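In the part that follows, the structures are each spelled out as structure tokens.
Next, two complexes with chain A in common: one pairs it with chain B, the other with chain C.
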Partner chain A sequence: MTDPFVSLKNLDKRFPGHHAVKDISLDIKGGEFIALMGPSGCGKSTTLRLIAGLDEPTGGEIYIGGRAMSGIPAYERDTPMVWQSLALFPFMTVIENVEFPLRMKGVTPKVRRDRAMEWLEKLGLGTMANRGIAQLSGGQRQRVAIARSLVTQPSVLLLDEPLSALDSHLRVRMQTELSRLHKELGITFIYVTHAQSEAFALADRIVLMSEGTIQQTGRPQDVYREPANAFVADFMGMNNIVSGSVSRSDGEGVVIDGKAGQFRVASKNAARSGDVSFVIAADRIQIGQANMASANSVAGKVIGIEFVGSTQTIFVEADGAEFRVQKQQHEIEALNIQPGSKLTLYWQPDHAWLLPDTN
Partner chain B sequence: MSRILNTRLSRLSQFGFLSLLALFIATPMLIIVVFSFDANRFPTIPWGGFSLQWHQAVLADSMIRDAFVNSVIVGLGTAAIATVLGFAAAYIDYRYFFRGKTLFGLLVAVPPAVPVSILSMAMLAFLSRIGLFGSREAIIVCHVAIATSFAMAIVRLRLGKFSRDLEPAAWNLGASPFATIFFITVPFCRPALFASFFLSAAVSFDEFLIAWFVGGVNETLPVRILNLLQGQVNPKINAIGTMVLIISVALVLIAQRFVGFRATRATSSNG
Partner chain C sequence: MTDSIHVDGATGSRRAPASRVGSHSFMPVVLGAPVLIWQLVFFAAPLAFLLVVTFWKVASFKLEPAFSFDNWTKVLLSGPYQKALVYTAGTASLATLLTVLVALPAAYTIAFRLSPKLRNLAVTCLIVPVFSSYLLRIYAWQIVLSPEGVINSVFKGLGGAGLSLLGGQLALQIGLLTLTLPVAILVLVLAFSGIDRTLIEAAENLGCRRSKVIVHVLLPSIRNAIVLAASTAFILSFGDYVSPLFMTGSNPPTLSILIVDTVKSGSQWPRASVIGITMLAALILVFVAGQLLTRTGKGAQ
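The block that comes next holds the complex of A and B.
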């Protein structure tokens, strides 16, 4: 499918005293796995609820499969959703929950029983069909919720932070499961999350939102390496943002005068002048000896080391600015870095990224 | 050592005090039950021997039988209507936010708080003006006004455990708002609806003053009892009292069972 399957055109939603979604437009291809992400309150869940028809937009239009959705109530849309709370019906058994959407569509008892059973087996719940919801573990409930959403064979599945209630071990397993389902079914998944790891692991494309607007859309690695603005760079976590002013630019990029020194950025974006910011990812910074002279380097002092499993984050203070450097644990040990150590940080000009719309 | 002794003493005295209190409440009722089986015409000690004659006399009394039928009809009618209205009121309170919601809640809750004699007179005046006075329907209408408050309270408590995502989830899965109430909301409230039904029936079955004011010639059982008492001291009173007591206690126990039983199960399934 080349046409967008789900299309948001100038979508806008105001609640009393709160402008949740501000005039956003987005095209989602059929079969795409797209993740809407951003901090809480950024409008990602509201956008999902608008697509499902659970809230009415105050402006703009949603097209699903080419059909305008305004005026079509939630129960006539084919947009099942997996809820953060799962929203399983507590007084129904597992199979009754999965049968429910078929029952609402008027499918005969025999057929809907078989189809529900088929889906339960597909998700490894075949033996649980007649259990009560209360008798299931968190992971099993999650599967019931997914089965219930997919049993009508929709062409788009909405997921609202579906894994946030699971522990990290289970979360990774469910991610694999979701990824498998998406490949098998070939339908569009629209996935809302605040967790970067989930979005990066699952999505073909991520849409980063903040305060009701889309900040950047793109493949996860592109958004991570080439953030559109300081918000995105910051949200991605392990990015250092350095500000300065352009002193000259040539065919290979720009040279920027910053507080901590002079830096060269191999800019793929247009030639720039004036005040700019660039980002350098924490894992792209190299560590050298103190007083080592190099282009693109800053001298600084280690002010802290944070242990995060196999990698460590070193916090370095250099001329009043703080840099974060991410390294493998064995590298840190080999360099014998302690809080208070003096060292030089450097990086290659083409690993830095000039923010397109600074200020 | 002394701490254990203290705890024991404290437990014992608590238990003793509560037993005394329960005894104080229960004794008059027990006396009625005991003497309803007494062969003596007047409740006196010593006991005149076991006899079912007063119970038989009650069952043979056509006025009492009519009053019992009235009570049952009024009780069932009240229970059915009050449960439906109580659910509707509780659902509106749960689901919607609107101006005057506090006032709405107050209006539903207030009837049991109004002194019954005042309520009865007001209802009498009102019903005779609209020509409904002196019928069983009149008693039902008035009992509904009181029982709905209880029904709403019970259902609202249950709806407090109804996740706000469940109804939208049902819409999302293709259920119209009407189908959602029918297939999701009502089944979720079912235990509370049963409890409301039985409690409303009990409220109506026990109610005397309103029934006496607005019922006219349609006597309910409590009204019949008073009329019997006003005539002469009749040993049948004890027998009726026993029957009414058993029915009322049974209704309340059933109602309680639905509320209590489901409350614990719901909490465990919410996790």
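The block that comes next holds the complex of A and C.
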């Protein structure tokens, strides 16, 4: 599909005393899995609610399948949502929950029972049809909520932090399931989350929001490796942001004078001058002996080591700046790094990323 | 609810170390004893006595212990009793129906349509009458409804004929609703307020029109509270003595009026006790029916 299926044009939402969504525009292709991501209060959930028609925008327009949505109430939009709290009806059985949207559409009892049953079986809940919601586990409830939103065969599915109530083990399993469903159905998924891991694992494209505006849109790896600004670089987590001023630039990149030394950044947007910032990811920094001579290096002292899991994060102080370095545990052991160790950090010029935005 | 209590009691004490088992089983007894004793002395014992008395005899205005079913057959087969039973049950049923019909929209408005400030004010206005004297409120209604009362003076002032408002089902129902409505509305307001608002949004999101959300989500959500409000209304109006006495002048008599009459005429305590026991049985029946209604609710907690 070339035309965008869901399109937000200058969408704006003000609440009394709070400007939640500030003039955002976004085109979502049919069949795309898109993740709206950002810290809490960034406007991602509000955007989703605006698409569903649960809140009225104060400006702009939403198009779904080419149709303008303003003035169309929530119950007439075909935009089912999977809620963070799941919002299953506790006074209905599992199958009655799944039948509910069909019942609202006036589907006959026989047909809707069959279709609901079909979906329950598809999600492995065939034997649970007549149970009460209270008798289900967290993962099973999650599946009921998904079945209930998909039973009407919508062309868009909205998901508002659907997995945040699950434990990490279940969350990974449900991620796989959602991914599979998305491929099978080929419909548009709009997924709101604050968890980077979920967004990266699931989405074709990420929309990173902050304070009501879109900071960056792109494929997960692009947003991760080539952040558009310091906010994105910071939100991605394991990034070091180094500031300095451009001392010279040539066809291969720029040379930047920073507090901790002189750095070369191979950059496509090299024609820059003045104050700039570049990003070097924590996993792209190499560790060498103290006093090792190298380009793009800083000498520093280890001030802390944090055990994350398979990797460890080393905090290094160098000329008043703090660097984070991510390494496998065996590498750290091989180098015999302890808090207080002196070492040199270095990296390749093409692993650094010059932030396009100077702010 | 009962499940979790059961689990606590069973596995909790079983798993406790041996040295603590004593205190574990001892504490509930100590804490529960006063309530238990209170119930035994002031509820169970008089009730048992009431039941025993139904088999006694009255001779020259004095109670005499005996064992005879005479009182039961005399009361149950008597015309006035049967009439009063039908009348009381009918009146209480009507009061229950009216209570629910008035309380539901009122509670909905308070819970969903009022600003938080007005909501608090409304709830306060509902709580105050519960703690004020019912008798006083009925007297007030008498003044309003009596032939020379407020409504009639206004009506006559406008040139109409006097209405006989007091002494019929209308007055009786007004009196009973005075008793039942505040309680019923409070119960329903609390239930409505407890509904998760995302359920309402989820229903709309799934294609449920705003006007139908009430039927599809709100009413099923508070089903148990409706049963509670209805059975409370029935129990209150079935046993009420004040409204029948002052609003209809005991005519026709309800069962509670009949009890007083039976005692007054010839000190027939045993027969009054029979009526009392049958009323109690009727209320237990209503209560059990209510419980069954709530328990068959789908997806019960």
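The rule is simple: the second predicted complex is superposed on the first by the 358 of 359 C-alpha atoms of A that agree within 3 Å, B and C clash if a C-alpha of one lies under 4 Å from a C-alpha of the other, contacts with A are read in each partner's own complex, and residues count from 1 in each chain.
The criterion applied here is as follows: a residue touches a chain if its C-beta (ideal position, glycine included) is under 8 Å from a C-beta of that chain, and two chains touch if they have at least 3 such contacts.
Please read all numbers here as calculations on a predicted model, not as lab measurements.
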Just from the overlay, do chain B and chain C fit on chain A, or is there a clash?
clash
Contact-wise, after the overlay, does A:54 reach chain B, chain C, both or neither (first, second, both, neither)?
both
After the superposition on A, what does A:307 contact: first (chain B), second (chain C), both or neither?
neither
Based on the superposed arrangement, let me know which partner A:100 touches: chain B (first), chain C (second), both, or neither?
both
With the two structures laid over each other on chain A, which partner does A:89 touch: chain B (first), chain C (second), both, or neither?
both
Considering only the touch criterion stated at the top, classify A:132 as touching first (chain B), second (chain C), both, or neither.
both
With the two structures laid over each other on chain A, which partner does A:73 touch: chain B (first), chain C (second), both, or neither?
both
Quick one: classify A:15 as touching chain B (first), chain C (second), both or neither.
neither
Contact residues of chain A, present in both the chain B and the chain C interface
52, 54, 73-76, 79-81, 83, 85, 87, 89-91, 100-101, 104-105, 132-134, 148-149, 152
Per the touch rule, the chain A residues reaching chain B in their complex are 52-54, 73-76, 79-81, 83, 85, 87, 89-91, 100-101, 103-105, 132-134, 148-149, 152
Where on chain A is chain C touching in the complex?
52, 54, 73-76, 79-81, 83, 85, 87, 89-93, 96, 100-101, 104-105, 131-135, 148-149, 152
Mind pulling up the chain B residues that touch chain A in the complex?
163, 165-166, 168-177, 179, 183-184, 187-188, 190, 265-266, 268-271
List of chain C residues in touch with chain A within their complex:
196, 198-199, 201-210, 212, 216-217, 220-221, 223, 297-301
